[in-house]
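In what comes next, subunit A is part of two complexes: it sits with subunit B in the first one and with subunit C in the second one.
Presenting the complex of A and B:
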């Protein structure tokens, strides 16, 4: 696996790729908020949100296998709401030997939360797959996220890949010298643990060393401890209109859910 | 302010672990000189370069850049005057995008936004990397990273350009374009390198450093053509200075510099 695979961004020239990052981040956050506000039982609202999310995924020209594989990461988290299947009172569906009874209402609650979770991840994934992380950071910085925090996030993101490559090199070096003449002999578990511990320590030292060199490179170009950034150009009229229109639609959906099913 | 000059006077430096990196080093670089710093590993080349930008402070002696003492009061001016390119471009390129990396120096110089953008464009053009501004630094090849690293200091419009092993890890094509670039840049140039062929092509003066001391300061061809001198200090005469009198006998029995030929 190459370290570039860690980055969810998929380069492309779809409509969504070309859209201003501020519009995408704003509408994605609005979508997640509208989804979270949809009360249990507001299926029509959730179906509309699902249709909207799928339309966006199609516009982004992302591969279905990529989307399904990445969004499947939410499944383990959905297990957290599984107890609701048995704890919500209602029409019995089936019983387990320990006296636990699953209810229809409980199942709807679990399905509601799981769908909301999946929809939110789907939209977040579409955002990160069509917008470089750095562009998202620039948007958040422009919206008032502390500059120091965004600088730390940017550095972390930038060097995550360098550190991953260092780790890969270390593991490659270990693998290259891990031949054994007798089949099955490869050192005791304790010895292997000690080697792995040494590698982690080595990685930490390399990271520290790298951090010092990066600071030197920053200082060499005038860094004085205060993060500075250039202002972003204003949004075009078209992008503004799109942002307003999208926000209105999402607000109406959220209101409809609260008014009719809340 | 004297333009483009470096004066190092009796500078010594010892690292906290006791390793003596520089011992009584003195040198002077005139305006627009192209000078190479050569020597074996651990000779003190990188340590000397870090002193020129104020990243390390001399424990004894004095350093003046463009006529200014390298001290805390002048650090901003000195760092604007000296463009230092590190050996590993991953150290140099710390911003998420190429644009931000190249704009970093001008931004800290306090320039207006229009000037910063103009400088970024000009620096990327100078290294032949137009169209890379929006790219993420980690997605570039080593050769591309090296060129962008150079652009990050060219955007500072430095009076002195200091490069640490600029050709290390480059393939022949990338190395060739780097050499062409270095022969066309105008500031005073100081290059620390093991690439002696590059030194021959780019520099008109060479300083041989070993065990923290300056051993020779002179003409590149004469200095690097001296086999005994080079071998004593863990180096080799560059191949282009070897005259193969008996090329088919597999030995270099008769050798001479091009000048002698």
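Presenting the complex of A and C:
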């Protein structure tokens, strides 16, 4: 697998790909906030949010297998909320040995967190699958992200895949030298960790050398510490309308949830 | 398909809005302060160095070693960044790593990003710095300039930064009512006490390598130990506070839940306020089932409309392709 495949951006010409990045970032953040604000048990609100998210995924023309595989990656974290199933007091649902009793209220809480997590990941994924990271960064810079932090984020992104390939070369070299590790052979745990540490140190040194070369190249082209981006054109009337309309819908959904189920 | 073998940061949905906002505020203050102080550590070449080293630490998370039965240890990097770059630059480097993990790879939520930056870039770095400079001073008294001081130190800093950061994460989950403190604290702390050993060993191993190859790189962080008292005190306070608070919270989970509810921290776990609007779920709709059905119908309509729009756009695009 090449490291470039890790980038979730999927080039395309769908309606969502063509949409102004400012509108996408703004509405995605609004959606995640509205989802977080929905109280537990507000199923109609969550259903409408799910419908909105699915509609957006369809408009982005993303492959279902891609979306499902990517959003499944965060599922292991759902384990962290599972204990609530047993510790929240309420109507008993079923019991396990050692006095663990699952409750209806506990299940509601687990379902609430898991659904919110999935909805948020779905929308965040759709944003990054249709918007290159550099475009998101330009939006954030426009919204007041500090200059230096913007420059660091941009350079991290620019060299991430270059250094990921260095890391893969290091791993390939290790595999070529040491073969397959059989349980109980191939050095102690501490030794294996130290070898891996050496590889990380190697990567850092290569990174430092590269940073010095990059700095020289940038200085030669007149770099003075100021990241320069093209001024963004003002939002068109249609984009502005979409942004306002979307925000109103999300606010209404959040309000409805808080008023009727809070 | 992530750079690290497993997702490591809190996704959206786990933290209540209030907890998210509070930790966003902490992180903005912390990172903002680091931005003003970082110039003291590095000159004008700061942006390229920090950017590329953030990429190196990010990519370094791919490097793993097998532990046992399919599990593997890998780097998180807060301690290593602190030791190589100094604390202020390390805060920015880790912010960049955690930020891109959330913004691009969905490892960690966007609303939860404030808490994740707080745990990894502020708690992780401050605690690593505190451990590193304290152990350094203690060991130098015992063993002058022995070669093993820095790697041993790196192990301690790596382990402690991971362990304390995981306690912060557990308390955030408990404060949000997502995970009870008496389960979250021992579970997160226990797992990360083990993960921290891997982190410590990798940090130590890479310091051995850097000492052998480029000893000069490690000098600035060690030399400027005196001028960064703020970080040292911050690390000390965070480490002490969390080690005291976590067992307390764990022993009295109901107490934490009570605080959470009293302060309105829990926007989960509250009963519906039917008393305010007794018989109405939506204006004019007097039945919850009806509201659900209505939401379902509107939802299906939305998805159908999106499908039709895409189908229409494709059909209009096709004749152009064929000609």
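Keep this in mind: the second predicted complex is superposed on the first by the 229 of 262 C-alpha atoms of A that agree within 3 Å, B and C clash if a C-alpha of one lies under 4 Å from a C-alpha of the other, contacts with A are read in each partner's own complex, and residues count from 1 in each chain.
To be clear about the criterion, a residue touches a chain if its C-beta (ideal position, glycine included) is under 8 Å from a C-beta of that chain, and two chains touch if they have at least 3 such contacts.
Since the structure is predicted, the reported quantities are computational estimates derived from the model, not experimental observations.
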First (subunit B), second (subunit C), both or neither touched by A:68
neither
In the superposed arrangement, does A:81 touch subunit B (first), subunit C (second), both or neither?
second
Using the superposition on chain A described above, determine whether A:222 touches subunit B (first), subunit C (second), both, or neither.
first
Quick one: classify A:59 as touching subunit B (first), subunit C (second), both or neither.
second
Between subunit B (first) and subunit C (second), which does A:158 come into contact with in this model arrangement: first, second, both, or neither?
both
Applying the document's definition of touch, where does A:230 land relative to subunit B and subunit C: first, second, both, or neither?
first
In the superposed model, which partner reaches more residues of subunit A, subunit B or subunit C?
C
One more residue to check, A:133. First (subunit B), second (subunit C), both or neither?
both
When the two structures are overlaid on chain A, which partner does A:245 contact: first (subunit B), second (subunit C), both, or neither?
neither
Once chain A of both complexes is superposed, is A:146 in touch with subunit B (first), subunit C (second), both, or neither?
second
Both subunit B and subunit C contact which residues of subunit A?
7, 133, 154-155, 157-159, 162, 210, 214, 218, 224
Help me check something: in the complex, which residues belonging to subunit C touch subunit A?
1-3, 6-7, 10-17, 20, 31-32, 35, 38, 44-60, 62-68, 73-75, 80, 84, 92-93, 95-97, 99-100, 102-107, 109-111, 173, 177-180, 182-184, 187-188, 198, 201-210, 213-214, 217, 253, 267-270, 272-273, 277, 280-282, 291-292, 294-296, 298-300, 302-303, 305-307, 309-310, 313
Contacts from subunit A onto subunit B in the complex sit at residues 3-4, 7, 132-134, 137, 154-155, 157-159, 161-162, 210, 213-214, 216-224, 228-231
Subunit A - residues contacting subunit C, complex:
5-8, 14-15, 28-29, 32-33, 35-37, 39-41, 43-45, 47-48, 50-52, 54-56, 58-59, 61, 69-71, 73-74, 76-77, 80-81, 83-84, 87-88, 105, 109, 112-121, 124-125, 128, 133, 136, 146, 148-149, 151-160, 162-164, 166-168, 170-171, 181, 183, 189-190, 192-208, 210-212, 214-215, 218, 224-225, 227, 256, 259-262
Name, in rising order, each residue of subunit B that touches subunit A in their complex.
50, 53, 55, 76, 79-80, 82, 84, 86, 88, 90-97, 100, 103-105, 107-109, 113, 116, 136-139, 152-153, 156
